[in-house]
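There's a structure below that I have some questions on.
First chain written, first letter: the chains are A, B, C and D, and each begins at residue 1.
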């Protein structure tokens, strides 16, 4: 369903990703691990064309999308939920969710998606009239994820959803992501520092180090010690 | 007492006209962060276009206003698409767009001058007559202008609040990466923004022309006033532009009453300076 | 102690980017700082170097309160720093980039000595062959060495490096680290390094500090950092970690 | 390579300068002398403006105002108090310097980017109102006429040499300034404010300095303007001179020493050719600014430099040296 071949990406002179190969099957949850600053977020940004790759190919449902502009990628069905959230601070929660359904496909199924989102995050239903700049970190994270769910995507890329959250909040966020995968059969690519949490739902994982894929493991082959070693 | 009331009314009238004039400026800045130094000429162009439709095509003035709008929209879109878009990607985009719009402004002004000549053009009043409110006389035209401006502001705020395009514009204004993530084509929105802003500005020019007088050169005066208002209220904020316009409109009419019309500008400068030092983000606080 | 902070705090709106951090750096040591993205490392640097004032707390440099000094003044006290994003004065050549540090730093005013001093720095960092190159077209490593040179040219006593080795190859990391060690040893300058790569930081630091969510998590021996339960949890996640904030 | 380049440029410069110095003696018409005087004055204005916008990256739109302050100051002192121009011109410059530093330099310390452009523009725009309000001293809207010349009986030819000398001195001063530590600080703050302050450059001090110097020099240019032309009025502050100043900097090449001078030459002498275009003059001027910004953002100086590099490279190749070595020395 989704396949990356030989992808390289750079910021100015600094090359961050080297010849990345990666694939994801339909309905799969794939986790991406690796230390900070080693290119995990850059990979998601390259896929979503927020920061397009220098070279390489990205196939999504058989279509080459490496040169497709960011707004088209969303329309094709890849939603990206950045670590930085990038909410619209002077809009209400509801307005932010509306913006998530900006593309015309998503407009049609907006009511249905909204219901699902409120079902996953009941707290947002309570806060829907509140300006996003007044939300707490955890609530803002929920809005970011919910906004990503509104765009009718078939694949979801989530960058560090648990960063800066309290344990109970983290739990809620992971539960939500699992639910999305289970009930909507969304394909999910997740970058996460909380290995244990991420591994509970992942079918497969990739380990990145210094811009390269170090190894790939299926859920039943994963050795946490091996991953930890790759961090230090 | 009567003169104070009169000043209050005239402050309100010019304030509301300034408000709609400043809107075009604040829309472009708020959404694209480009400061339009050709703003005044765009307003003048709107006035002349409406005047042309009115006199040459003998259309009713209100209809000529409506005909002018799509032309202004197209102009705004063209300016973005073929000049500003490229400049925004280069280093020092801030100032190069300023200079480009300045150059374009002077060009347009002189083209208008060539076509229409330097004589004052009379744009008709929308309604004639006047009414008495207690001891003060208010022209019906001025009342009509205030109503139009009020309606205009309501339409615009509803546009930004309710429509898909308006929401997308606000989204781009608040977070460009966020807009990218939800799939908004940012350059296209910028194009629409320039179109919309030119349209509003042209509209305001026609209204100003009907209250004051119109020569090609007057645009620079309008523009600099617009600058002060926008920066005073808060760059890029619509309520800021409205509040700034009303405050400065009042300051204008009371300065005229107390010191004479020529002191308006120095008083504005001082007010502006003081505000910049105390609250650089402006009265209402737009984007800084 | 050359640098000491007391209860340093910086809040942006509601968010505490740095929350009540107190630590000290001894004269002549290499002091490492690590922590996840957004932990507050750069904010800490910016407060110490006078780029913005702390919301509360104090900074002492050589026993002197420098909490409210602006960036150029802290520089003239003897604190130099580099930035995460390496950009030089792009219209100037390498020599002039370094000249700015020498002219306006602690050497300011002493015109006769400045030329020799710049040459000394250039020689020390081995930039001789690039002296008159434009500073724009340099490769990443040379850019960072030039920025290091400009910082050293201020005649600093404390050098603060913000992720200096991001984007380096292994060989470049090695040679940059040897420069840092040389600076400490031969110029007797105290060095603070922010770095993502824990193994490198452990290797080069005399002492280390880990911060997370704006709070101090670990301060002490680099060798023991990977044994610290809380550090491991922050970096790798864990079920029972209770240190979160922000909700 | 560098040396060769320098000598070639020096030779060109020397020849041009010699021609300019000899020109009045070769029987130039008074009108042409007048044009040259205008060129010298505008070159001074554009060069001092360039200190702010080009060298320091502070987007001022107010330098015509600085010039007018200096001009009015000197004219009033000479006309009303009968002081010698030797005193009035410097005093005019100093008045401009003090007012600008106070009303613009200090407030802009807290401002960035387009706000500075706004404030300086509004500052310059406030002056005509003040001038018309102080008719007794400034002559109001009519302005000042019959301003005393540089010295009793000074003619066009004297004005020519005085303005030429002033222009050359000012250009030399600006050249030295750019090369000095102060100039280095200006450039450092322009290129990267954070890096500059981290290396000990004081933003406060340098920004006040550049406003003061730029205003002083623009004000001095204003002094030379009034005493060679004999009159000044609020129309000096109209949009046309303002745009001409901007066009000079942009056309010639902002941020370079000779760019504004070149731009001044093109605009002053070019305006004469444009007289043929008569009413379309301003349209063309506006169009020129647009085209320059869109297609030649570095101005003519950059185009020349590219051309020069190209020629050098050719010459080298003929002499059989490696292009590689060339490129390195050009760095």
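Side notes on the structure shown:
In the analysis below, a residue touches a chain if its C-beta (ideal position, glycine included) is under 8 Å from a C-beta of that chain, and two chains touch if they have at least 3 such contacts.
Here the structure is a predicted model, which is why all the values come from computation and not from measurement.
Relative to chain D, the chain whose mean Cα position lies farthest away is A. Of all chain pairs, the one joined by the greatest number of contacting C-beta pairs is B-D. Chain geometry summary: the mean Cα position of chain A and that of chain B are 42 Å apart.
Each chain gets a centre from the mean of its Cα atoms; for chain C and chain D, those two points are 42 Å apart. Note on chain placement: the centre of chain A and the centre of chain C lie 32 Å apart, centres being C-alpha means. Once the centre of each chain is set as its mean CA position, chain A and chain D turn out to be 55 Å apart.
Of all residues in chain C, none touches two or more other chains. Across the assembly, chain A contributes no residue in contact with two or more other chains. Those residues of chain A whose C-beta lies close enough to touch chain C in the complex are 13-16, 35-38, 83, 133, 136-139, 160, 162-170, 192-198, 227-228, 231-232. Residue ranges of chain A in contact with chain B, taken from their complex: 48, 50, 69-75, 80-82, 84-91, 95, 98-100, 102-103, 107, 147-148, 151.
Chain contact summary for the complex, chain B toward chain D: residues 35, 83, 86-87, 90, 94-96, 98-100, 102-111, 113-114, 217, 220, 224, 227-228, 231, 262-266, 268-269, 272-273, 276-277, 280.
Residues of chain B that touch chain A in their complex: 164, 167-168, 170-171, 174-175, 177-186. Touching chain B in their complex are the following residues of chain D: 53, 59, 103, 107, 110-111, 113-115, 117-119, 121-123, 125-126, 129-130, 132-133, 239, 243, 246-247, 250, 279-280, 282-283, 285-290, 293-294, 297.
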